[in-house]
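Across the two complexes that follow, subunit A remains constant while its partner is subunit B and subsequently subunit C.
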Partner chain A sequence: MPAISARGLTRAFGERVAVDNLTFDIAHGEVFGFLGPNGAGKTTTVRMLTGLIAPTSGACTVAGYELGFDNQRIRRAVGVLTETPGLYDKLSAEQNLLFYAAIYELDSRTAREQVQHYLRMMDLWDRREHLVGTFSKGMRQKLAIARALLHNPQIVFLDEPTAGLDPEAANVVRDVIRSLRGEGRTIFLTSHNLHEVDQLCDRVAIFRERLLRLDTPANLRAGLFDTQHLIEFAGAAEPWLATVRALPFVREASVEDRVLVISLQEPASQKPALIRALVEAGAEVQNVQDRQYSLEEVYLQLIRDGATAGLKKEMS
Partner chain B sequence: MRKVLAVMHKEWLELRRERWLVATTLLMPVLLTGLPFGLLSTASASTTNLGPIADLPMFQGFTPDEIVQIVLLRQFLVLFLLMPLYIPSTIAAHSIVGEKVSRTLEPLLAAPLRTGEILLAKSLIAALPATLITWLCYAIYSIGARFVAISGRVYTEVFTQAWLLAVILWVPALAMISVALGVIISARTSDPRTAQQLTKIVVVPLLLIFFAQLAGVLIIDTIVVAGTVVPLVLLAAGSLVVATRLFDRERILIRWN
Partner chain C sequence: MKLLREIWIIFIHSLRVALRNPMTIIVGLLQPVTWLLLFAPLLKNLPATAAFSPEEAINIFTPGMLVMLAPITSLFSGIGLVVELRNGVLDRLRVTPVSRLAVVLGKALRDLVVLLLQGVLLVAVAWTMGLRIHLAGILVGLGLMMIVGLLMISCSYAFALILRNENAVASIANVLLLPLLLLSGLILPLELAPRWMQIAADFNPLAYTVEAMRALFTGRFDDTVILNGFLLTTALAVFSLFWATRSFRRALA
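What follows is the complex of A and B.
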């Protein structure tokens, strides 16, 4: 059974549909990235999956428990970093965590051990007796993550865990996510930091009210963009454009910044033939590489396509 | 029960550091306890027109100065039934609405806490101080009255067993009713500020007891106290159950922005 399984999950607020027919499975131990622009319905989705709000329609199981029937068990099985840290400013860092340890019914000794473990992990042990109201944004975020992990949940929801953090703090958080992954925990990660998602996630869902695409970062790149080969020469690239265009297996060829950019019909098998043809024609090839698309380019393309499709749907 | 105690402990830690809230909450009890003594020091039969009151059968055998003291001391007794209505509504409004304003409500609701557990803890942490403060103020009032009363007869006429029972038994129940009604209002309003304002209004219907007593419609004796304790406790418990049912976690989460 998957860690999370959603089928046709939909949530409307009056006339407005915030989440439309969301279907996916997340395997145990998977780090699942959930990307979308502001207002796309990411927080609504997290709130539904954690039993905070009910779906209008659809079904979902989280940690083997059915949403809407076993919400209390779901809340016990998951850890949640909400959009805002939501810490008690007038309590110390330690008091904040001990309070939640009691809510999760950890016995006194385990609670103290866990609190110490996570405060040390987050570099907050020396500040444990300080009021949270005196903490910086980064310290609050790290403390809120510690709170989400305190009861060793098997599924962790992290809503923008590195938002607003300085690079050092963000790195600590990313290391924590990696270590959670190493422990086999399932992580549902929403983030606007696409490089971070690319680094950390096994699969990525791109979402805007509905699921636009769901795959591994590599497959998303491959599925959306043709592989393009970039060829650099000792001299100018323009003279070789005609040679390349004459080859029957070349789909497209152009010159960008003194570099020949080529798309082939079957990149894997035809690339050697392309290089051979150029060398035989007398070209001094200095470098050949494939264009690497960033997840950001994939994301922007899909969001643009999604917006266009949504507009067409509205107009029809 | 452990979770309820945990929430109560957390609330208590927060409350201790809310100096402004504590100061404003304590202001009314301090004023209401001190005010009667100020009035008593200036009031006497020579400065007060007793009118037909002096002729009432219950005052037969008392001197005019004693009657003035009995009337004044008795009137202020009713204020000790108002304290458990006012004090917890301030604390409860801060406790529930404050969670939303400080954005701590969502993590709390995401934790394995039932609505009943949250509300019971928050109600108790509001009702307990209110009860203790009222009892303390009543004790100060009754001890102070011993020194101010011009005769022992005045004291025994005012501080009856019935009033002692009323303060001991009614105050916790009234405090819980006040909190539960505050929660019901909080649960049905769309924004925190409105909830905070309306929780004050909720004490108004309960002022009926105050005015009924002043008008002589409600005479507080041992039978009245004994006969109303169980209905009041049931009303308090029922109000808390209704409050729990009406406390729509989702609505509060989504609409209180």
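What follows is the complex of A and C.
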């Protein structure tokens, strides 16, 4: 059974549909990136999955429990970093955590151990007695993540954990997520930052009101655009265009700025044959490079397509 | 048992957070004392035609003040909740398995402690000004005041969770406050009021509380107005508590 399984999850606020017919499965131990621009409906999705708001339609199981029927069990099984951390500024870091430990019914010894463990992990142990009001944004975010972990949940929701952090603090938070991943927890990570999900996630859902694409970061890159091979010659490139086009496994070939740009049917296996064919035909190959589209280009393309699809839907 | 434990956790925690802002509490505590100091001297010079003598005045006035204290401080307690709603604190609590009733009741208890301190202080100051009443009556009376407090706090929480705006909560509290107070006979007995006001007061739950409180203070324990006052305010308090809890469950949904 998957850790989280959503079927046709939909949420409307009045007329406005924030999340439309969302379906996915997340395996145990998977780090699942939920990527979309501001206002895409990421927080709304997290709020549905954690039982804060009810879906307008659709069904979902979290940790094996049916959302809407077993919300208390779900709440015990998951840890959540909410969009706004909601810490008590007038209490110390330790007091903030101990309060939540008590709510999760940890006995006082376990509570102290857990609090110490996570404060050390977040590098906040030395600051444990300081008021949270004096903490930087990054420290607050780390403390809020520690709070989400106190009761050892197997599933952790992190709603934009690095949003609004300076690059250094964001990196520290990403390191924390990496170590959580090492502990085998299932993580639902929302973000509007591509590089973040690219680095951290096993699979990425690109989402804007509806699911636009769901795959591993590598497949996302490869799936939307071909990998292209750029070949430079000692002389002009044009003469070799015909040679290349005659090869059966070449899909497309063109010349850009004295460079031959080629797409193959199966880039990995056919590239050596391509080069061999050129060399055998007498070409002086000087340089061969692969051009891969960045995830960013894939993402922007998808988001644009998603927007126009939405527009078409509204007009029809 | 679990519910009691959770109420206790929330209560202690809220109290701890509140104590980090001691000025707010101190100002709140001084408020009723100020009223007493400014109002009681006026009672000394009541004309002989009044329904009661100047000596009785403080005994009539203090129970009224005690009832008045509850709406005046407690109807505004939802404002703090709006702040917690906005800064994510409530949302964060709502993703834990903690009982929703425990959250509302635990927070209400914190506000009730402040109210109780205000009440005790008020009675103590009134005592130095010549209040001479039944001791057991005062104790039960403070209990009655707490029930009124719970009613007002719960209503204020519900307003806060539904309206999600400090100004709106304050406006509603202000709009409700004046008729609640004027039509309860708590500043002066309703016997002095014209007929239409007495009829209007029949629909004001606080009017019954004030009557019960006066009976308690004068030691008339067999008077049915005491039981009526308790039953009515308790019923309303329980009802409003569930209303607030329901609103908390649904807040932001």
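Keep this in mind: the second predicted complex is superposed on the first by the 265 of 316 C-alpha atoms of A that agree within 3 Å, B and C clash if a C-alpha of one lies under 4 Å from a C-alpha of the other, contacts with A are read in each partner's own complex, and residues count from 1 in each chain.
One rule holds for everything that comes next: a residue touches a chain if its C-beta (ideal position, glycine included) is under 8 Å from a C-beta of that chain, and two chains touch if they have at least 3 such contacts.
Note that the structure is a prediction, hence the values are computed from the model and not measured.
Q: Between subunit B and subunit C, positioned on subunit A by superposition, is the outcome a clash or a fit?
A: clash
Q: With both complexes superposed on chain A, which partner does A:Q286 reach: first (subunit B), second (subunit C), both or neither?
A: In the superposed model, A:Q286 contacts neither subunit B nor subunit C.
Q: Counting only touches as set out at the top, which of subunit B and subunit C does A:S136 meet: first, second, both, neither?
A: In the superposition, A:S136 touches no partner, neither subunit B nor subunit C.
Q: Contacts for A:Q95 in the overlay, against subunit B (first) and subunit C (second): which applies, first, second, both or neither?
A: The answer is both, since A:Q95 touches subunit B and subunit C.
Q: Answer with first, second, both or neither: which of subunit B and subunit C does A:F13 touch in the superposed model?
A: In the superposed model, A:F13 contacts subunit B only, not subunit C.
Q: Let me test your reading of the model: by the given contact rule, A:S179 touches which partner, first (subunit B), second (subunit C), both or neither?
A: neither
Q: Do subunit B and subunit C touch any of the same residues on subunit A, and if so, which?
A: 50-54, 72, 75-76, 80, 82-88, 90-91, 95, 99-100, 102-104
Q: Under the touch definition given earlier, write down the residues of subunit B that touch subunit A in their complex.
A: Against subunit A, subunit B makes touches at 2-3, 5-7, 9-10, 13-14, 17-18, 102-114, 249-250, 253-254.
Q: Can you list the residues on subunit A that touch subunit B in the complex?
A: 13, 47, 50-54, 72-73, 75-76, 80, 82-91, 95, 99-100, 102-105, 144, 147
Q: Can you list the subunit C residues touching subunit A in their complex?
A: Result: residues 6, 9, 13, 16-17, 20-21, 84, 87-98, 252-253 of subunit C touch subunit A.
Q: Spell out the residues on subunit A that touch subunit C in their complex, using ranges where they run on.
A: Per the touch definition, subunit A meets subunit C at residues 50-54, 72, 75-76, 78, 80, 82-88, 90-91, 95, 99-100, 102-104.
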